[in-house]
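Both of the next two complexes hold chain A, though its partner changes from chain B to chain C.
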Partner chain A sequence: MNGLSKGMPRALLEKAWLGSFLAAAAVWAAAMIYSGGQGGGQMLGAALSFSTFFVIVGIGQMLIIATGPGNVDLSIPGTIALAGAIAMKVMDGEDSLIVVGLAASLAAGAAVGAANYGLIRVLRIPPIIATLSSNLLVQSTAIAYGRGLRVKPPPAFADFTTATVFGVPVLALCAVVFAAVMAVVLARTVFGRSVLAIGQNMRAAWLAGVAVDRTRLLTYTLSGLFAGLCGALLAGFSGGSSLDMGMEYLLASIAVVVIGGTSVAGGKANVPGIWGAALFLFLLLTMLNTFGAGAGVRLVMTGLIIIAVITMAGGDKPAR
Partner chain B sequence: MLKKSLISVAAVSAIFMAGAASADTADKRIALSNNYAGNSWRQAMLKSWDKVTGKAVADGIVKEAPAFTTAENQATEQAAQIQNLILQGYDAIVLNAASPTALNGAVKEACSAGVTVVSFDGVVTEPCAWRIAVDFAKMGEVQLDYLAKRMAGGANLLEIRGLAGVFVDDEIHKGIVAGVAKYPQFKIVGSVHGDWAQTVAQKNVAGILPSLPKVDAVVTQGGDGYGAAQAFKAANRPTPLIVMGNRHDELTWWKQQKDANKYETMSVSIAPGVSTLAFWVAQQILDGKPVPKDMIVPFLRIDQENLEQNLANTEPGGVANVEYLQADALKVIASAK
Partner chain C sequence: MQATSERLIRLQGVAKSFGPVRALAGVDLAVDAGECLGLVGHNGAGKSTLMNVLAGTLEADAGEIVIHGERRSPYNVGLAHRLGIRCVFQELSLCPNLTVAENARIIHPKLSGWGWRKRAAGLIVAKLDEIFPGHGIRADDVVGDLSIGRRQMVEIARAFTVSDRPVHLVILDEPTSSLDSVSAEQLLSFVRKVVATGLGCILISHLLGEVLDYADCIVVMRDAKVVTSRPAREMTRDSLVAAMGDVGDERVVAERPSAVRRRDAAPIRVRVRSRRGGRHELVAHEGEVIGLAGLAGHGQTDALIQIYRSSRRRAADTVVTGPVALVPGDRQTDGIFHLWSIGQNIGIRSLKRMSRRGLIDLAQERQLAEDWKRRINIRTPDMTNNILSLSGGNQQKALFARALGSDAEIVLMDDPTRGVDVGTKLEIYEMIRTEAAKGRTFLWYTTEMEELANCDHVYVFRNGRIVADLASDQLTEAKVLQSSFEETV
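What follows is the complex of A and B.
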């Protein structure tokens, strides 16, 4: 598989990222047609706002998934809840403490990520189990720490997270820049190259002198860090932190990565695809809500459409 | 090991039989089996339980009343927990169940071992258990009754539902549908699932809003009103009448709007302190009092007049709460007969 895709990676990669954007455009158009063309711009604005959070955690999740089969971070929901609670509590509604609060939540996220890799490397627990159990620990810590406390974000922080320029959310623009930077990091730095090399064959990468341990530690730490960032921003955006605010990111963070064209088998990552996939998932739900579909129909449709999009736009044909 | 536990169960049952005859609960042990603790409502529920039972233990009304919560919100896990509680010899188990039917086997085992089971909020269908149920459909209907008074000429409604596939969501939705049938001047123009979480409600309302005509009122299930308000604000739409669900953030927002522009609405939910009502009912049953198997929990409804008073009693991040007294339990028992 890798042998084949090595010959034409450009075309395939581009096709994979285009696919999720095309799918997003299609569901958006369908929703627009149904509602008689009204509110299309606002719908896109909302999609950009909410996709931002999925993109931030999705990029962290992508780094981990790209390091090969079995690597996944299931501790994202707990980390988001904990980081959100820490950010709001440390900021305590004061504009002057925004930076401190942000730093505290990022540190908490990075610590969770590093601890995850500790469980995986030192205790030799498979990532899926290690991160799932650390999610329980972190979520419980968030409950004990926050006790359901919903402290309001400082006004300046709330304004920043909800600000728009010509209808485009500022946070989304930042996330586009962030994604662009991460795409360069992945393609042009030793770290990015190491992630993909490990994903293709960990032993070969190690024999070739890639710092396997350090790279994997960094992927888990970054994923935790990004989840921490997402938690703090989400708490600012939605007017305070809540214990259940990370819940939907458990599977959604994996879904945006896979729909975006990153290979679950590792070794092949796709940053722009995450943006397309996040927009697609949001607009898909919006479209089905606009149609007035019941919950059952909606879930079935969501499943079927995701399968269809992955099959059509997944790009990577098995080499047989 | 098994033999030993069987003997201890038998011994405990024997003690239980003897205790019931003397009509005194000072030596009784009541456990709370709870399936979930991950939101503010459940946190308040556990806190109320600790507060009220702590006092009851100090006053010598019962011997002990610890709370146990399962980690994963799974029926199988809670069934195992109930079996442990039986082996540990509790006289009564107060139960907020993960499933109305999946725990019936474990509940039946408890009953056979002579343990009194009182389920509340998440009730079980097993006939040997007591049920303190919430009339969720009524919770949906009262919202429409209120709207009919406020908007006699009719209105466009946005419905925010709870978690798809959960009994409570279906029941409240049924009540809302029944209310709309009763007052045909109302029209539901859109419906989204908010999963009883502010962030999810905010996201899904923000998604559907652009495609909707003017929304005059939002009917909700609790835990979603503040998120809806945020979504309307972000979309630069006029704030509709949003029915609230007693959460602190919802009440705080309502109070701000009330002070700023005389905003009027109502708020309805179940007080998390219903766990303490279940505690007192269990205590009454252990005391040998006749108690009907099915009871209904009163709502906690907040209106324009008593908003400030309720907000003052609600702690930040929590839910408006009432802790019940023994006398309240007697009232609920009496009204069920």
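What follows is the complex of A and C.
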């Protein structure tokens, strides 16, 4: 890593996020060849729609993973389920209550995130265990709260979450803007720099004047908040909340972060890569689906890809 | 007693370097059977390196090791152990998750088969009873649960246990540092007793009284060399201290009379009452350079961290007026961010100041980096290069730039010139003086005597307490050493 020339770090970053987009394109092309060029546009539209949700939770997960080894949020599935249930129940099918319902689900998500950090900091529980157990608590709360009732989203909310402009989902466009904003936050704000500094060396960050506790609290709170947002939107998108709708986001949220080029060793985050990785992941699963592979094969593939990406990314870590 | 004339070990011309740092520059040492050799010297004099070479844990670059009259090469830990050389190091080497008996078994491979645990227990407890009567340690106690003093006892007792191989030489590196006075006394009496039976012993201690009272012969090391080797009865405290420092060291190290006058006029920046009690409190005024002296690890870093912590969260016993920045000495663990450029590493402490409407002004960050590159001469073609592209000394300069380029009025320095070459050191001293003249306050922990000459006022630490408070006109190397080694009353 010695003697990096001026443009090198940026070039590396670009390479990292380009990679996930190239992989997504390759998978799409493979699927096209297999299906003889049919339904390509439709497939892309679906990929954009579903990737949006991956991206929203992925960015929260990325903030946490970037604060260093061991930091991870496993409470995302439960938070999505709870926030979805809250959003639907509070909105109660009324257009006038959309804002209230959205605010309630965001608040619930943020509260879960803040509570997670409370467990980690005050009770000194490792993040993996803290967020995993809080996932169980939150999931159970969602079950008790929702009581299995399926409330339909308000029409305006359902329309918004499924709307498209020129074939492109509106939500996906919003998520692109959201990702762009978060990329700026990461690179150009005190919070973003603090996250990256903590990820490289927490003690050095503290000694350099970084507000370590506040920053870490904020990363967990934001991850909860984004999971809450995802839950509400997902409930609107799929015509009501269900208790297991967060399930696949446990692995997916981590997968898109890692495949997107964020370092699991901490200190290096990559926002555009999350978009590429989300598209890649969705397209890959769709392709396997069209090949007739079962759910088991799809999960095995996802796991293998994560391992492969971490192994490859491990090569360019500078020696401390 | 008849074995006393037999030579156990002889080291000749042993040299060892770590990169550019010469830890041993050709050292001769000999220990006879039935002799207790005292080894003293200031931090970094090379004592521990020498003992590591003797124990086989470090390989010497040059020189020969003769044990029982035979030249040993290659030499290693296993051979040392077979030849009956045992070591009790400062960093305790017991496994905290194992019991006392299991730890004893580790160095006695002979204890195997059914009932090894019981035999190991018998071995270690018998030795503990012999050295420290009334020790209160059970063989099935888990080592991690024992107090530091008791762990030290187990470590010492284990070094003296014998199963199949005889013990000929025991190295005790600061054995009494975590023992109370009764156990220390028990240990030293035991050492005298076993030495009389023909065992050899090397005793390293910062408590000069111990060495003078219990060693037969005293070797003084300074700057990687042996400077004195004489029978203990010919030495006194004062001659030992003189041998460790400069001989004509009554001269005043620092000549900065202006500092003394300034002291009362300037406002107080830092005031620390020691948590462990003590006669003195630490006070730093505006524009002063305060030295924290004493042996390494005697609470100087803790004091700096205490000040740093209370600058961020108010504490009752510490007064800090003004923003604080810290310059770490351990760059890799406390300082640099290895994924970032030099400029980003400098800017991290000043991000808030460089932000406009919530966004960091990148032009200003670049400007800060370029300013400091020029001012303290960081040797790099481009400040956007990765921080690891710099040499150690220049990385340290970047850390100085981080602190000095910030809004901090108080700068804490935790042995910041560790591993820095002489040229860079002089540049750093110059920089500190310039900044102090502008009104900044420096608190400077250093293990190097010559750096104290740059200080207006020096506090000497021992066991977490301030034991001496010296103005620059009273500062002599002898006084600092004297208080560092002072006996507990």
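Definition applied: the second predicted complex is superposed on the first by the 284 of 320 C-alpha atoms of A that agree within 3 Å, B and C clash if a C-alpha of one lies under 4 Å from a C-alpha of the other, contacts with A are read in each partner's own complex, and residues count from 1 in each chain.
By our rule, a residue touches a chain if its C-beta (ideal position, glycine included) is under 8 Å from a C-beta of that chain, and two chains touch if they have at least 3 such contacts.
Everything quoted here is computed from the prediction, not taken from an experiment.
In the superposition on chain A, A:Gly240 makes contact with chain B only, not with chain C. Once the two complexes are laid over each other on the shared chain, residue contacts for A:Thr286 go to chain B alone; chain C is not touched. Shared-chain residue A:Leu250: touches no atom of chain B or chain C. By the touch criterion stated above, A:Arg203 is placed in contact with chain C alone, chain B being left untouched. Contacts of A:Gly267 after superposition: chain C is touched, whereas chain B is not reached.
Of the two partner chains placed around the shared chain by superposition, chain C is the only one that A:Val184 touches, whereas chain B remains out of contact. In the superposition on chain A, contact is made by A:Arg193 with chain C only, not with chain B.
Note on chain A: of its two partners chain C and chain B, the one contacting more of its residues is B.
Residues of chain A that lie in the contact sets of both chain B and chain C are absent, per the superposition on chain A. Against chain B, the residues of chain A that register as touching in their complex are 31, 34-35, 38-43, 46-47, 49-50, 136, 139, 143, 146-151, 162, 234, 238-240, 242-245, 247-248, 282-283, 285-286, 289-290, 292, 295-296, 298-299. Note for the complex: chain A touches chain C at residues 1-6, 9, 184, 188-190, 193, 196-197, 200-201, 203-205, 207-210, 267-268, 318, 320.
Every residue of chain B that touches chain A in the complex is listed here, in rising order: 37-40, 43-44, 71, 161, 164-165, 190-193, 195, 197-200, 202-204, 206-212, 226-227, 230, 234-235, 248-249, 316-318.
On the chain C side of its complex with chain A, the touching residues are 308, 325-326, 328, 332-341, 344, 348-349, 351-352, 355, 358-360, 362, 382, 384-386, 388-389, 402, 406.
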